[in-house]
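Look for chain A in each of the two complexes below; its partner is chain B in the first and chain C in the second.
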Partner chain A sequence: MARCAALLRQQMMRPEFLRRAWMSQLNEDGDEEASFSFPSSLIGLERWRLPQEGCVEFDQPRSSIVRSIRDNFEAIEEDATDLAIAQLRACRPIPEPQVRELCYKARELLIEEGNVVTVDAPVTICGDIHGQFHDLMELFRVGGDVPDTNYLFMGDFVDRGFYSLESFLLLLCLKVRYPDRITLIRGNHESRQITTVYGFYDECIRKYGSANVWRYCCEVFDYLALGALILGASTEVPENRMQEKTFDTQTTLPDQESEIECEVLDANGEVREKLFRSQGNMNPASASRKSPAPDRDPAESSSPATTVSQPPTSPSQSNTKPPTASLFQPPSTTTGSLLCVHGGLSPLISTLNAIRLLDRKQEVPHEGAMCDLLWSDPDDIEGWGLSPRGAGFLFGSDIVRHFNHKNDLSMIARAHQLVMEGYKEMFSKQIVTVWSAPNYCYRCGNVAAILELGEDGSHGGCIRRANGSEGRREMVGGSVNSVGDGETTNGSNQNGGGLNAVLWNLATPGRRYRVFEAAPQGTRGMPAKKPVGEYFL
Partner chain B sequence: MSASIPNLNTLRRGRGRGRGGVVGSGGRVDNDAIVRNTDCDAATSRLSAVEAGYLNDPFARYLTDESWQRRLPLMNRGTYVRTTGIDRIVDTFLLSTTGQKQIISLGAGSDTRYFRLKQEQHTNFSYHELDFKENNKIKIARLKDPQCVQTIKTLCSIDISTSKTTEDELQSDDYFIHSQDLRDLPKKLDWIDENIPTLFISECCLIYLSPEQADRVLSYFTDMTTSAPTAVVIYEPIKPHDPFGQTMIRNLMSRGIQLQTIEKYSDLLSQRERLTSRGLNARAADIEQIWRDWIEQEEKDRIDKLEWMDEVEEFLLLAKHYCISWGWTNYDDESRWLALSAPT
Partner chain C sequence: MPAPPRLPTGVVPENFTEPAKRIHDGADLQFFLQSLAYRDVVTFILQLNRSMVPRKRIADNTIHEYRLDGMQQQDLLPQVKAILDLLNRLQTFIEDAPPDTGPRRFGNVSFRKWYKLVEDGLDAMLAEILPSKTQPAIVELKAYLLGSFGSAQRLDYGTGHELSFLAFLAALWKLGYFTSPAQSSTTSHPNNNTDSTSTIERQIVLSLFQTYLSLIRSLIQVYNLEPAGSHGVWGLDDNSFLPYIFGSAQLAPAIPEDNPSSPSPPIPTPTSGSLPSAVDPTIITKPTQVDAEAKSNLYFSSIQFIYTVKRGPFWEHSPMLFDISGIKDGWGKINKGLIKMYEAEVLGKFPVVQHFVFGSIFRWEKDPDAKVVQQTTHSTSHPLRNPMVGAGGVASTRPGQGVGTAAPWASVGGGGTATAPTGFVNGVTQAPWARQAGSQRPLHPPPPSLSGSRGGLSASLLRGPERRPVSAASANELKLAAKTAETIPEGKEVGDGN
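And then the complex of A and B:
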């Protein structure tokens, strides 16, 4: 038996993970040579059995054992990942060698992704998690489990909370197991420097006795994408998962006037708030929730001399035509696409392509475009401003409007800032902050939210809605006079130009926010001894 | 056999009381221990801010338990603003009159302010600290540490080792540590001079008393000096009703800490009225306003550079829930007091 194990080790040029799984089974049979042992809590040994019952017997020829392992390789590997997922779901860390293996695999996956990952709707967008593991479980309960729901997490998985390790590794495991179902992008806390200040480093030391796991994780951080581009989002609020799933509800054309643009549900799926889409964004329902000030463009304030401050590289704004639909070139989406990024925009970035050209595989720098994408915040200012965080910038509504226009985006989704209500739409719905760590740091008393986007019918073979709303553009800023449905002309934005600096940006996608509170303490094994939240005493 | 089994009830007692906040007979002892312990928290926060470069306080390390841990940048910043804010009020008090003055610090615990004032060459004042016996014992033992004695000698030109000490009390020329339970104040504290300008400091102290007790303590001191200039500075949490405040109350409750007066003095207005009703001119500002309005831009820039501050929103939230209120009366020249800005 010992020889068998040794031969296996020699011959199988398989990832270590499989070998270990195999050897731990041998170990159980009393093989002294098997050098690696899993803690018994991890090994549900019956789970490690090969899918084809009985095909692995030690009296079989070696080649047949190897062959059967090779034949069942993927199944075994999935099984192993599933096991790790199960363990992490119970909020128990996995052993260090397994973390190394996981991080290695994750890196192999992430290295294939571009700086801006393309993601197809439907998808659920999540903001900061910050090691609040039990709240992440609550998020999955409210938003649906993986792989039934597609998720996009916009970074800041670690730091501050007590379970950064379990939270990040679980998300990473899910990524490895369901690469197409879950997207992870980098937050400013996915950095060596920040994690040494804000807790993740200390947590790894505490839980493993060395910095190895922290190091493995940091290497993965360097490979995380910087942003994601969501394509094919519908202008309609996605089908409510909580209701009975019936697939043909879309066949009845919804009444144009009563189309729901945005819906807010509580954790039980009860509708708290509904917002109807109407022309020109001037629906009283939405107006009542928004303060007008941040949404107004300077060009509106009737000063002819006002030219909107822009990134220096965009004098050719007026040449940018929206994609016009024709028989041969139907618009790819009914809405524009949606950019997801952890922090926000950068004065050094005026197009998505500029993001794509960055060299991201490094520690987050202290300044520059990559730093800004992870650190910046939208603010009620014009143009750019200095950030109180000491990294990144503040950017105003004009910046967002032009960036979205230029890049055919209907919206930017970002995280990074604590918002007490869980989400906050700004600048005429041009940008939204999504925050997914309820009662942040066990202290802030905030609720959390996730954002669900539905799939536009075009990918599913459904009949395109023939109500003229393809490529529909909505006016952002400027006067309301000339609004017409189906309008596709590019509003004048000539430099030194018009009184009405109206930009016709793409219609926002239908949005459903699910708002949820912190998982109840105690019931989910919250540490009782640890002081909860620091105060000044 | 039975002798080796510990009496579980004696073990359980402290925890049970602390958590439930049940005050039965003897419950007071347990709650006191929890309140006394808050000083350890404060000392840790102070030393953390010192070590990170926010505050200059060479004495803090000698008066802090060795088990202290680094605090997050936002806590350090909060500690910095709180300390700097109160320092400013103390300075105002010390500079407003010329003759002999006294400062009385309630629940002073491991506070280092006396030594810092001495280091800054302030003269003509005596400094009295009041706290529980148990806290004083610890402090006096720490002050006797040779290194501490040496530091104080070097920086303040004071030989603390020559002062008269008992186990829990200390007397020197101008520095005094008194063991005094604020709930059992005698008719008259014989060491108080009612005829000289007096400043009372409560840094997170009165809030742990019941509203009646806290009011009585405050009146006790403000009524004492009737014609001499008198000033009060109170630092404590406010706003218990919004989500952050509710969470704060709940979290502290789970540690057995009850902020007893926070309902009564829940905002800047009621904090101010608490002092005006006692005949003082009063102002109040939250920590966020103090940071914004009292700290010079140059100093802000220095602070910003000390640590990455990725907790901007959280700091605002936290800072809005702590306030400094201060009042003064019987001053011929109020100009220094009036120069301290606060929202009206």
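And then the complex of A and C:
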């Protein structure tokens, strides 16, 4: 049986096999057993009969071969996907019939997912990729490989870069192979219209000579979830799996002062910055010395700069701002959930349930809730504003605060905007932008980041959603005489006229950002030149 | 390709008007391709292109090349010098508008300051250099010149802006600006192709156009202007196109100089082969050789700029140019191909030319001699842009769709309002169907019934100026609208979204 499966697997990876195979009619040769319905996800057609040549290899009646295929079907399928993954990891596109098959499988899988996928921490959140395949490989190197690391990609896999096809198909293959270890949600570039303008369409034409593959991919786009809800994220920075053993002993020491709320690591796992809970806000702005003109959120500029840089853990510094006598001590390990969405919020969406009710299986519309989720941007305004993108809206801190409060969210993670430092927290840590395409478009000179969230062990991945349960909330945007928490900033006092009541929000989860640069280009060989097309004939 | 006609010069229209946008949808684009304006633009490009091709003097068999470093300042016509001075003055404005060091994403907002300085000073500067006869044309000339520096709103720059500068030069040509007063009576005949008169064209390209490109490159670098309407790595270049055309012409095989004594028909512009001394196209992947050629050639000057702004393997970030460098039939072939590509990918593309303005110099009128439809160039290149139309069929099997099919987003802008081009704003993607928020034309008022309609909500949002916090009053209105909208079942909401 094993030999049969192995041989078949080899055969199936070859296009000739697919070409030689033909539709089989039930009972055609009176062999009831021989004819069964292959799941079409395997090859793409409903019914298959083995080519005669393939049968000669096996010294047994055809019916038993077919039976063996059926019995080993899952293994065969997994192996086929593994082979495709290996090929894509080597940055070689897979043949068109296989793309078709892959997209079919992916759609079967994605159709089962809700508009808002529930994901349990621990998870690593990634932003835009934009066809930067080698940088995606660097991301996996820095963040750990699938399935060891649980990933969530917030869309914009395609367009602009040279390898949209390889990048998207690899992610899709991983999704099909490890459906519970990788989550893909839709970005504004996962759209027919956008891909025809920003490069993915051209790329498919160049690489396959026809638009078929582009069409298959676009069909998958329509099935991608619109958002994800991360449950059970810990307030502690996740255990640093990727770090050297020597570091492990340090980090596992009981923290003497207070727990680490946020840390920033470079591509080698070295800690660049640490932030302790209740000390203030973490921003690449205050962290990065390289950029004197940081992209800082004005609302947060007044908060004390408490970022401790290398060497980590300086007790004296953390003592300069003694732990506040807050009535609401930071919760031990529990936070609210996080919403992940590509763009941002919509004036038409006030609850997560509203997102769940959308009919998402369509091209991204030009307006409306679904469009806004994929197109909107946070901005330093109050309320809603017109987006310069011509789609979606700008939304201010008050909108985010209310939305998070109403939906028991501790934070929103989104992508969609280039951030020179790779990530940017805004609105008193209520929303973060994660950007995972380093040196965007080969010219922007930015670094990329991924965000790791730890697991809240005490609840076994299942969080209680009780509103206002003790110790779960921090105050945001409170009045001046409120607890001297870092959350109370001038910025948040200014906004929300008529907002006199104190809002309580859930504790921010512990965050670890891994920052990385574009992959070195040494290993990429120069390809042969291709014919340029009809203009130059 | 026969020898191209030259654009008539010294034809001054009686009335000048503020030029306006005319291309609002696919049908308009089709009309544009058969318009007088299109004819004039293409004629001028071919005319400049031909002027850059080397010449061979029959008498002594010597070849004349036209190189960037062969241009002597003292030889420049005073008219050319005047424009040159103007461009150099604009360059100095950069010092008056230093890049903002505050929070930014990518594009630098100080570009708007620079742009404002130009906008405010342009009338006076043009008035200084134009003869009194053509002063009334400033209203039109200014539109093309101001439109050639990129978008202050979106902080981007692309081939549409480059086209606008070409139109500015062509407009000056049509007005007879470059022909000195003494020669003003010698209005060129369409087929007057004596190459000796190409001196002006050569100065226009090698001096004016190259100086313009230097200015643009400064702007792109100082203010981080972004590519407008980019196909990612799959476009020819993030920002430019014309220098590749003119630069490849510089390296095409020489045209035997016309013999004034024999009335033989002019020799066509070469479409294959190269000048014997021309550098091999494949050197584009070797930066040091590119640097050497950049001094004399517009093509390599542009390649050099790519190397200064981009990091990564050349074939990866510029695959089109990489593949073009593999063409075996020489620079003449490359030149011919690039012109075809320009017609299809720049002049034939809605997102690019929708911003082109029309007045009395470039007329929105049908060219009586226009070919019916340039099926070959446009329809064969165009299906790439039309994939949504035929979900079932292979796109390239749809000839005749051509540019005539409205871009999917074309009708979305709502009639009169032009849609914004497709750039990325602040390092982010812009919707192809985006309305241009800074447009002078008023946006459509919201539909009378605001209640519950998503369209109404959007419309009320769109009324405000761009990137401004919605005022208290309108915010209330918004909340109200949002509230009303919320009551609609969401499923239905999006169902009619398209």
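Note that the second predicted complex is superposed on the first by the 361 of 537 C-alpha atoms of A that agree within 3 Å, B and C clash if a C-alpha of one lies under 4 Å from a C-alpha of the other, contacts with A are read in each partner's own complex, and residues count from 1 in each chain.
In this section, a residue touches a chain if its C-beta (ideal position, glycine included) is under 8 Å from a C-beta of that chain, and two chains touch if they have at least 3 such contacts.
Just so it is clear, the model here is predicted, and its values are computed rather than measured.
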Original post:
Does the superposition put A:417 against chain B (first), chain C (second), both, or neither?
Top reply: both
Subject >> Partner touching more residues of chain A, whether chain B or chain C >> reply: C
**OP:** Give one of first, second, both or neither to describe whether A:368 is in contact with chain B, with chain C, with both, or with none.
**Re:** second
Subject >> Partner chain in contact with A:193 - chain B first, chain C second, else both or neither >> reply: both
Original post:
In the superposed arrangement, does A:536 touch chain B (first), chain C (second), both or neither?
Top reply: both
Original post:
Regarding the shared-chain residue A:396, is it in contact with chain B (first), chain C (second), both, or neither?
Top reply: second
Original post:
Regarding the shared-chain residue A:168, is it in contact with chain B (first), chain C (second), both, or neither?
Top reply: neither
**OP:** Go through chain A and flag every residue that touches chain B in one model and chain C in the other.
**Re:** 188-189, 193-194, 197-198, 388-391, 417-420, 439-445, 531-532, 534-537
Original post:
Within the complex, which stretch of chain A touches chain C?
Top reply: 130-131, 159-162, 164, 188-189, 192-194, 196-203, 205-206, 210-212, 214-215, 292-296, 298, 347-350, 354, 357-360, 362-363, 365-371, 375, 377, 379, 381-386, 388-391, 393-394, 396, 416-420, 439-445, 497, 518, 521, 524, 526-527, 529-532, 534-537
Subject >> Residue ranges of chain A in contact with chain B within the complex >> reply: 188-189, 193-194, 197-198, 388-391, 417-420, 439-446, 531-537
Original post:
Given the complex with chain A, which residues does chain C contribute to the contact?
Top reply: 101-106, 153-154, 227, 229-235, 238, 285, 309-313, 315-317, 319-320, 322-327, 333-334, 336-338, 340-341, 344, 351, 380-381, 384-385, 387-388, 391, 394-396, 408-409, 412, 419-420, 422, 425-435, 437, 454-455, 457-458, 461-462, 464-470, 472, 475, 478-479, 481-482, 485-486, 489-491, 493-495, 497-498
**OP:** Would you tell me which residues of chain B are touching chain A in their complex?
**Re:** 38-39, 41-42, 45, 71-73, 75, 78-79, 82, 204, 237, 242-248, 251-252, 254-255, 257, 304-305, 307-310, 312-314, 317-318, 322
